[in-house]
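Paired with chain B in one complex and with chain C in the other, chain A is shared by the two complexes that follow.
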Partner chain A sequence: MFLEVQHIVKSFHKEEVVKDLNFTLAAHQTLSILGQSGCGKTTMLKIIGGLVRPDGGHIYLNGNLIDDVTPEKRSIVYLYQEDLLFPHLNVFENIAFGLKIKKINASEITDRVHLMITSLELQGQEKKMPHQLSGGQRQRVSFGRAIITNPALLLLDEPFGSLDTGTRARMQDLFKRIASEFRITSLFVTHDLKEAILMGDHIGYMQSGKLKVYESKESFIQDDHTGVQKEIDFWKGLTK
Partner chain B sequence: MKSKASNIGFIFFGLIGILPFFAAFIYALLYSFGMVGAANSGFTTEFWVSIWQSGAFLRSLVYSTAVAGTSIIISVSLALWLTLKFRKELEVPFLSFAMYLPLAIPGIVAAFFTFQLLAKAGFFSRIAYAFGWITEARQFPDLVNDPYAIGIIATFISIVTPFFLLLFLNVYKNERVEELAQLSQSLGANKQQTVWRVSLPVLLNKTWTLIGLYFIFLLGAYEVPLILGQESPQMLSVLIIREIKQYDLSRLSEGYVVAVIYTVIVTTAAVLLFSRKNDVRHEG
Partner chain C sequence: MKRTITLLTYFPYILAPVVFAACLSYFFLKLGLFGKPVGVFVAQFMVAFPYALIFFSSFWGEKTKSYEELVATLGGNQWQAFRKVLLPIAKNMLVICFFQTFLISWFEYGLTSIIGVGKVQTLTIKVFLFIKESNFYYGALSCRLLILPPVLLLYINKRYVFNKLI
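And then the complex of A and B:
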């Protein structure tokens, strides 16, 4: 498997936030993880991204143990809940950031950034500063900046949580298209039931630090803990 | 209603903020051309020519700029280093309270402290004597009233650094620099690249106007260079007051010439600083 997470545990001040985390993910697939606020989703992603050190367990990426690999060398990009753009850089510079760090030559950077800007439908916004963009545009820049570095794994932490319903739906479509176009492997964390089903090739449910990955979407829907049945009953009740 | 209130506000700002300053400037300008003043007899440019030929103003301007610039560069660098290196330690309640204390010390008191510490008969000189490093007071290096303005710069740094430290700590938190730094590492930047490409630009981008204003403030500082400065060259405010307070009334106008030039330079700098504040940086 491309990503293998084995027996990861993490506590903060005697509170066990992540409990014996075990799962695998194949390359070019998206695992969406549903969970309520405070269930340990963000800590889990930060551990995989190398931003938080676990108390125990191992992570393998493409067959390599990455426990002691620093965040900048993991080729894993963690995307924050909010569209966190570098405030001193414009759209072009934000997207080009990871390429400039790798000291790729200027003309190649320009070509790749313009290609990405077109894919993200952000033409004409290149020179705008982050505060001049809408929420959806900022989120798209944030995606582009992460994807352009061609990361081995993309970690998305409730990326559409702050967007309105319409923008959220457009961004979900855009992400699916981009994920397929750039063959992205990703973990997509959300607390929105519909989004979890829509975005993932596989689905997991996280509760009190424990993650359960389902064999199929059907088994996820059947499980009472996930709340899908309650949701279905609610909508059925409305139509009666 | 709102526009009426804003009009009244604008009128008050004009009456209290601009008019007295403008009136004083016009008075100084007229004095500098000999058009007012007991010892003057009408329009003349002799005071401007005299100041220009003596070179005292230019020397003072260069000296003041060097002293203020050095103090600001050292203070800002020190505050940035402390912010990035010891941010978590500085969040301890006692330290975060202690940082405010230097802000309450007036410049004149800080200057006296420095004098007591660094003068040839001061604290450090006595310690050096007690340890046998020097055998008499005059062997102690000139650290106050010295040609390199070490005493002035040390005092400015002690006053200004806590202010910038508090400012940078607040900006660090408000601009979420820690998360931006993590993001930058996640995108492949090492710690050094993160500091130079993210943390420092974000902190400086948000504060450079204040840094500029503090530079102007130090350029015109009076008490500290008066107590710790040398006879010549003097910092601008000391030079201006020395000229204006002279018993020789015929030279009073030269003081006003210096005051006029200084006002024009500082006002222009302040206007440029604020007019560029809202500029948006673009790069293709």
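And then the complex of A and C:
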């Protein structure tokens, strides 16, 4: 498997936040992880991204053990709920940031950034500063900045959490298209039931630091813990 | 550790400058800094630097940490995060902080007069001397000179910093 997470555990001040985390993910697939606030989702992502050191366990990426690899060398990009665009750089410069750091030549950067801007449907916005963009546009720039570096794995921590319903739906479509176009492997964390089902090729449910990955979407829907059945009953109740 | 340092930064502002200077006198005497320009420089640094730390305490929050982490996952090292992201983001704050700490030092009287023991004379101390001596002409002239640098800095700040912030 492309990503293998084995027996990861992590505690903060004697409180076990991540408990014996085990899962695998094939290349170019998205695993969406559903869970309530404070269940350990963010800690799990930060451990995989190398930003938090686990107390135990191993992570393999493309067959290589990456436990001791620093975040800048993991080729894993972590995207926060907040877009975190660099306020002193315009759209073009924000997207080009990761390439400039890797000292790629200027003409290649220009070509790749323009290609990305077209894919993100941001033509004509290149010179705008972050404060001149809408929430959806900002999130698109944030995606572009991450994807353009060709990361082996993309970690998305509730990326659409701060968007309104309409923008959120459009961003979900855009992400699906971009993920397919750039053959992205990703972990997509959300606390939105519908989003989890829509975004993932596979679905996991995290509760009190334990992650359960379901064999199929049907088994996820059937499980009472996930709350899908309650949701279905609610909508059925309205139509009666 | 961070809490202790933060608490210490307020120390120069809890005490009156003269009392603070009296507390420092013993150590400055021991170190041979009393009545020397270096001594006054160190004393003023001990007032201005904590102010700068307090001023920047809100900057070093979760968001700044997130920026650093983001740069790391994009392939950048700590130096690149500092030079290409944190420093440009903090640029305006740095200019304002410089302006304010300059004013603190520029108008400092109590601490400077005690540590400098009259041998190190700043323009602010001179103004007080001229007024005490009823030397109105020099007093007025030095007051004008005293206000020049702050006015110049205020103009630069308004022209290049505040207007960009709004």
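Rule of thumb we're sticking to: the second predicted complex is superposed on the first by the 240 of 240 C-alpha atoms of A that agree within 3 Å, B and C clash if a C-alpha of one lies under 4 Å from a C-alpha of the other, contacts with A are read in each partner's own complex, and residues count from 1 in each chain.
In the analysis below, contacts are C-beta pairs under 8 Å (C-beta built on N, C-alpha and C of every residue); 3 or more make two chains touch, one makes a residue touch a chain.
Predicted model, so just to flag it, every value in this text is computed and none were measured.
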When the two structures are superposed on chain A, do chain B and chain C clash or fit side by side? clash
With both complexes overlaid on chain A, does A:Q29 touch chain B (first), chain C (second), both or neither? neither
Tell me which partner A:E93 touches in the superposition: chain B (first), chain C (second), both or neither. first
Taking the superposition as given, does A:S119 touch the first partner, chain B, the second, chain C, both, or neither? neither
Kindly classify A:K102 by the partners it touches after superposition: chain B alone (first), chain C alone (second), both, or neither? both
Looking at A:L84, would you say it contacts chain B, chain C, both, or neither? Reply first, second, both or neither. both
In the overlaid three-chain picture, which partner chain does A:K127 touch, first (chain B) or second (chain C), both, or neither? first
Could you say whether A:I76 touches chain B, chain C, both of them, or neither, answering first, second, both or neither? both
Chain B and chain C footprints on chain A, overlapping residues: 49, 51, 70-72, 75-78, 80, 84, 86-88, 97-98, 101-102, 145-146, 149
Hey, which residues of chain A end up touching chain C in the complex? 46, 49-51, 70-78, 80, 82, 84, 86-88, 97-98, 101-102, 145-146, 149, 151
Contacts from chain C onto chain A in the complex sit at residues 63, 66-67, 69-77, 80, 84-85, 88-89, 91
Enumerate the contact residues on chain B facing chain A in the complex. 175-176, 179-180, 182-190, 193, 197-198, 201-202, 205, 280-284
Touching chain B in the complex, chain A uses residues 49, 51, 70-72, 75-78, 80, 84, 86-90, 92-93, 97-98, 101-102, 126-127, 129, 132, 145-146, 149
